[in-house]
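You will see subunit A twice below: alongside subunit B first, and alongside subunit C after that.
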Partner chain A sequence: MTQTDVDPGTLANVQFRQVGKPLTRTDAPGKVTGRTPYAGDYVMPNMLHMRVVRADIASARLARLDVSKARALAGVACVLTADEVTDRTAATDIPGQTGQKRLDTDQPILVKDRVRYFGEPLALIAAETRDIADHAAELIEFELEPIPGVYDPLEALKPGAPLVYGEDNIVAERKIRKGDVEAGFARADLVVGNTYKTPFQEHAFLEPEVGLAWVDENDVVNIRVSTQVIEHFRPIADAIGVPHNKVRVRGALVGGGFGGKEDLTVEVYLALLAKQTGRPVRLEYSREDSFVGHGKRHPFILTYRTGVTKDGKITALDVQMIADAGAYVFLSPYVVLYALVAAPGPYRVDNLNVFAQAVATNNMYTSAFRGFGALQACTAYEQQMDEIANTLGIDRLELRRRNFLKTGEPMSTGFVPPSAIWTEQCAEKAWAGLGEPSPEKGPIRTGRGLACYQQSYGRLTFLHDTSEAWVGVEMDGTVVVRSGVTDIGAGQISALGQIAVEVLGVTLDNVVIYNSDSAVTPLAGTTTATRALYMTGNAAKQAAEGLRARLAERAAQEFGAAPDEIDMAFNEVFVIDRPEQRMPLVELVRTCAAEGIHRSELAIFRAPFSDFLDPETGQGQAHPDYAYGAHAVEVSVDVETGEVEVLKSIAAHDVGQCINPAAVEGQIQGGAQNGQGYALSEEMLYEEGRLVTPSFSEYLMPTAMDMPNVECIILESRSGVGPFGAKGIGEPAMTAVAPAIANAVADAIGVRVFEMPITPERVVTALQQRDAS
Partner chain B sequence: MYAPFELDIPTDLDGALAALANGGGKTVLPIAGGTNLIVDIRAKRERPDRMVGLGEVDELLGMDFGPERIAIGGRTTVSDLLRSPEIAQAAPSLIDAARLFGGLMVRNTGTVAGNIASGSPAADLVPPLLVLDAELTLASASATRTLALDDYYLGYKQDARRPDELITRISWPRLPENSANTFYKLARRKGDAITVTGVAVTLSVTDGSCTRARIALASVAPIVRRVKEAEAVLEGEALTPALIDEAATAAADACTPIDDIRASAGYRRHTVQALTRRLVTQAWDRLA
Partner chain C sequence: MPETRTITLRINGREEEGRFPAQRTLLEALRHLGHMEVKCGCEKGDCGACAVLLDGMAVDSCLTLAWMAAGKEVTTVSGLGDLDSPHPLQTAFADGGAAQCGYCIPGIIIAAKAIIDAHPEPSEDDIRLGLSGNLCRCTGYTKIFEAIADAAGEMRAEGGAP
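So, the complex of A and B:
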């Protein structure tokens, strides 16, 4: 169920014909009928099948690797080891247009001598069939001599701890020093201190990593791959040692990303073997490969110490965060930066110290995952708000109200978000949405929890992000959009279509969108960081507006009117106050064509550019803008078995402006599920770095039987920096779900489980400890 | 991905039993739903030379609702159970288990006999069948025998079935008047999860006294098993909270759980006690 609220103050003169309507997405019919090819559906004649051979110990020296038997097997075309790809590493993120890079610790493509995590690739096989590739994998002999590893970030920080690489295990450190924290604590009536722990999480997209690569007649390596980032063509080219214009990445509609396809996955392996063999090569990960084949969400240990007055005003906040970065750097420095910036949440904290570290271990490397550090911070700051409220005896929503950051106020970095901050409106609606309390019976207790959030949309502003889109109108009045954006299932490309046709006055069935080709569609950047709608949506809008202006100018000439008197709607062009003066769009387009007037427009949208945050104080601009909202839940807890059931799940988000409310609701529903699993049941367990939950039989995401009806309350402040005032919803939809559940469980049983997931056993243990004390 | 194997697809029971009898020293495994076996083969835990597919052996289908006993064929699927109003009436615990058994696709193809024969200590259909006093019919090419389910498991993944035998039928006596029969599955999520603790209870009451008690536990011992120590506390008694507590404690003492990725032994023992107490209390309150 969806309920939409628009602030009457922002309604003025805004009337949309296409935007804001739950239109059938352009990608829906193909997906529903099964006609849409995903990356794994592409095959080529004479194609080889690949297999990756992986280390089965997390910390070891590669003493021996013998691939001779595999190479000798009939039907094996190629086996590559580090000996053939000497000293090559694969960068793990596009570094941004400024050329800034993370610490120079990219992962070697294949292990040469040192294994740093369980599953690290040792060799690549290409063979005539999958069976032969599998057989060859069994013929590869290797010996790993265990090296003492480190599997706990706190251990990794101790002097004398085994080193994962480099001189110490500190991958990144960030800090905020704002106001006078000591004075703030001195003014406090009470200081509340707690430590919260968050777990690894697996993206678990429906479509495991897959791709097909071939070398074309121009010697260009083409890669058809399931990815969030087609602009990895640059690090792929660097990794295989060819110029950037000799690698072309073609996406396909993606079966889920969530950050797990933000880093390189199979691309470099495919490129190497396509080049080596001269034949098309295909690599598809099994689910088991996928579990060890991409980075996870960072587990965090977050220690919050909050000074508050008796009436609940925060006077000071000190936060220490330690994130497990795993065995390689990947996006860890950015993830802890997001956590740092998000540390106080959507609250006004003028005296703030934050210190955030990413620490290397021999666990699976960690990288991007929906929420990207800001979610882990929310998990802590929202549980902390409940702890403060309960200690002071103040209503939990009221405590939040007394501290909410308001529109126009400076956030943690001193930056003033340009848009409206509607946290309070969202929190009130979500909380009220819980309705009448559910009954308690026998060992069943019920409880309620609320969590509010601040989540950025758009990439870090010091990366100088840009996005391009091209919009053209055909001779029959139909519209074409071209943009390199990847669509990972959230309706990214359909939204571009909806924006373009809104501006050009046609309907969505009149548009075709070409996307996700690094060579022929204008480069649009990544589908990450809740940026696709913001960045590429703005680019598409600019392009469509540029084209419309040219068409309107010609129409104005035709009608003897001024260009700003022209409107375009329902495939017609007319004078606004004299609608009898009209012509079909197709007629105008033909006139323009005959006169050589340009019928297309290429636009680039530039996010705000900033310098890096001040390294000492953490002050400055980190992101273009922020989204705000709240999630409320009601749970029941069986105090004998510890089982938790989510009874009600209510989301209220200010999305700025819905482009497609059905797609927005889809994101909110998915975020509620993703966050519920994170809070309650999803657990990646590692023993000495070895994954012991390697399949969906052990790794438990909520099923339909576990999910309540999720109610979506969509607010539209129309204040965002995206197209038509849109903000973003991809990441925000998930951020507050888990702490809301944690708060509800604590409300139900009167004691908090400080570590997620909140398993039945942890609930029972917390209750037993409470009873014992 | 899969090691090669031969596949026989006999069209009747004699053919299936003959195929199982003529292994000639090779590993021959029967396969019905395959929801465990295929997973094990893919993970290389099982390496059959040949498999005997039972999908066309119609003698293994069907349910028989007699005045004294209920019998179901070995190929009865979990979904077949859920579609049967007679089963719902005659074996409520089996329906409790079937509802939460795997996912829909697994329920549609996984069979009752397969769940028994796979020997998992977490097999969800076994505790209900144990508290129903179920009996198995084991057939081979040379003989047919019956065996109480209670005598079927010998140890972890060890059972009384010879490699040339099939579980052709599962039967149990109708519950006496004034009986309660329930199963509770405790897992880390509701749908499609491996059981952390499973408890099944049958209680029959006559004239204010518990005439028969059956309690069976899953996932807390090397095999799914009854806890006769706890049953004995209840039988012949008018139940009181103290007596039920005693039985629950006896059940917790009798089980031998281990720590694994799903839960610790201590938590399992705690929940055996809590759930035994709960299910017996609910049954008694309903009947007495």
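So, the complex of A and C:
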């Protein structure tokens, strides 16, 4: 069920033919018939099969590694250890994708002497068959001497704590100092202080990491891989020591990403062994490999102290955040930056102190995951809003209303988001959407929760992000789009098609989109940070408009009209006020071809560029713009067993402009599921850094039995900085879900569980504590 | 090296032959024979991405040994329909936006086929229960439920589809 709500004021002069329609995505028919090849579906003659051998202790010294028996096994082509790749490292931060200076945060490719996390790779094997590779892995002998590790970021901060690397365990520190917090607290009638904890989360894309690599006739290493970022060809080349133009990353449609295929995964291993053996090599992670082989969502400890007046106005806010960065840096400095910027949420807070730290431990390293720090902040600030409302006895929506940031007002960093801020409209619609309360009976209590959010779309502006796209029209009037963008399942490439055909006046079945090949499709940048539609959509629109202008000019000449009097729709070109003057697009294109008029266009879109935030005050521009919305849920809680069920789940988001409403709803519903698992059931249990839940029977994601039908309320302010006024929905869809659920559980049982996931055990413990006090 | 034997499988109506070790799973055998539409998500029976019909019953092919499928009819998602003549389930999934990354979809459409075969007019509970062995990380399932209900309606209207 979807309601769409457009501000009538923004409707003027907007009439779309392709955009805004729930068209069948261009990638859908192949996927539902099994025709779509994923990266793991490619094979080559003479191909070898790879396997990664991993450390089984989280903090240790590699005392001995003997691969001689494995090397001697018949059918083993190559075994690689750190001895063969001495001094080689791989980038772990946002690589030089945009020409910015890389942080000095590289990770060794294979362990030389120090193991810092459970599962860290020790050796790579390539063999004739998977069975032989598995057998060879068993023949590798290694001895790990345990070194005292540290598995809790608070412990890691203490003087004398075991060092993971460097001089202390502090990976990054960021702060905001805005207004006068002391004065703000002095003015407050009440100060509410709480600490919230958020857990690790596994991306759990259904397609584990996989790739196939070979060296071609030009000595270029080709890698067909499941990735969100084909621009990794540069750090791969750096890691294996070849020029950047000697690595080609060819993506495939990705079987889910969510941030977990944003960093390098299998690429460097593949490239090394393809080079070493001269043969095609394939590496597919098992599910267990996938659980230990890529970074997780950062657990956060968030302490909020909010000063409020009796009537619920926030006068001051002090926030301390500590994130567990795990054993290597990866994107931690940026994740805490997002959390920092998001700390007050979609509220006006003029007196603000925030201090955010990422701390190294011997846990699995943590990196990008849908929501990227801003989600962890939302989990805290929205629970805090309910705590304040309850303390003051003010209606929870009303308290929020009194503090919402409004269009044109400055946010935490002093930056004024350029688009409309429709948090209030979204909150009201989501809350009202819950309808009549569900009945309670026996041990079942029901409760309701709301959460609102602010989430950026587009990358950090100091990165100076750009995106290129190419649009051309063939001699028969069909359209080709080329963009390096990867499609991780949200319909990224289909949206580009929809945008191009809107501009060129053809239908979606007349377009073919080539994507994600670092050598032949224009580099479009990463599919991360809710930037794909914003960046690549703008680039495709720009390219299509450039092409259209040229075609319109030639048509105007033909019709004796001005170029701006020409329109193109349904594969025809005509004069707007004299529709009898028309010709098929194909005729115009042939004329252009015959006269040597360029039938394609390459465009580059540049995001706004800024300097880094002021290091002392955290003031400045961090992102191009922000999305706003709300999620509301109703839950039932069994007070005997502690079990929580989500009965209703209602999302209201201002997406700016829908390109494909079905795809937008899909993002929202998937976000609701991802957030529900995060709030209630998904638990990564580590013992001294060792993951003890590395399977889907232990790590519990919501199934078809657990998910309510998620209702989507889509608002369109047409104010975003994306194509046609679009904002982004990939990350925003998830951000507010977990705190809405936490608030509903607290509403149902009258006591809050301050740590996620809200498992039955935690609910029962909270109830016992409530009854004891 | 483990002993291998020749196994003949009937896949999507055609006989295919391969030599496999006795412990080779049906999932591995199918992919070895080029049926890449059958996906691997866990190899442990936890996700349903590898589901195929075995004489009309939905099974996880990663938990089924290849030789056990000999003499039975194996149907993969590609056996239900193709780009030119898709099965009503495939049409409903594509048009309804039920496939996002699509990796779970071959298994989910197989599970859906088994649901509709058992319940031509499936209730929401029939659909949920029938999908309880299939994980999807992208969609929240809502559009999948809708697509299955739509396809079932379409098939009833057509008076029983293939």
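We take it that the second predicted complex is superposed on the first by the 763 of 773 C-alpha atoms of A that agree within 3 Å, B and C clash if a C-alpha of one lies under 4 Å from a C-alpha of the other, contacts with A are read in each partner's own complex, and residues count from 1 in each chain.
Just so we're on the same page, a residue touches a chain if its C-beta (ideal position, glycine included) is under 8 Å from a C-beta of that chain, and two chains touch if they have at least 3 such contacts.
These numbers come from a predicted model, not from an experiment.
When the two structures are aligned on the shared chain, A:Thr641 is found in touch with subunit B, with no touch to subunit C. Number of subunit A residues touched is higher for C, counting subunit B against subunit C.
Using the contact criterion defined above for the overlaid structures, shared-chain residue A:Ala662 touches subunit C, although it does not reach subunit B. Contacts of A:Glu761 after superposition: subunit B is touched, whereas subunit C is not reached. In the superposition on chain A, A:Thr703 contacts both subunit B and subunit C.
Touch criterion met: A:Ala204 reaches subunit C, while subunit B stays clear of it.
Applying the stated contact rule after C-alpha superposition, one finds that A:Thr309 touches neither subunit B nor subunit C. When the two complexes are laid over each other on chain A, subunit A has residues 131, 286, 697, 701-705 in contact with both subunit B and subunit C. Against subunit A, the residues of subunit B that register as touching in their complex are 1, 103, 186, 188-194, 196, 261-264, 267, 270-271, 274-275, 278. Subunit A contributes residues 22, 24-25, 27-38, 40-41, 131, 203-208, 253-258, 284, 286-287, 488-491, 660, 662-663, 665-666, 668-674, 695-697, 701-705, 707, 709-710 to its touches with subunit C in the complex.
Across the complex, subunit C meets subunit A through its residues 2, 21, 36-44, 46-47, 49, 76-78, 81-83, 86, 89-91, 93-97, 99-106, 109, 127-129, 131-132, 134-145. Contact residues on subunit A toward subunit B in their complex (touch as defined above): 130-131, 134, 286, 443, 640-643, 645, 680-681, 683, 685, 692-693, 697-698, 700-706, 759-761, 764-765.
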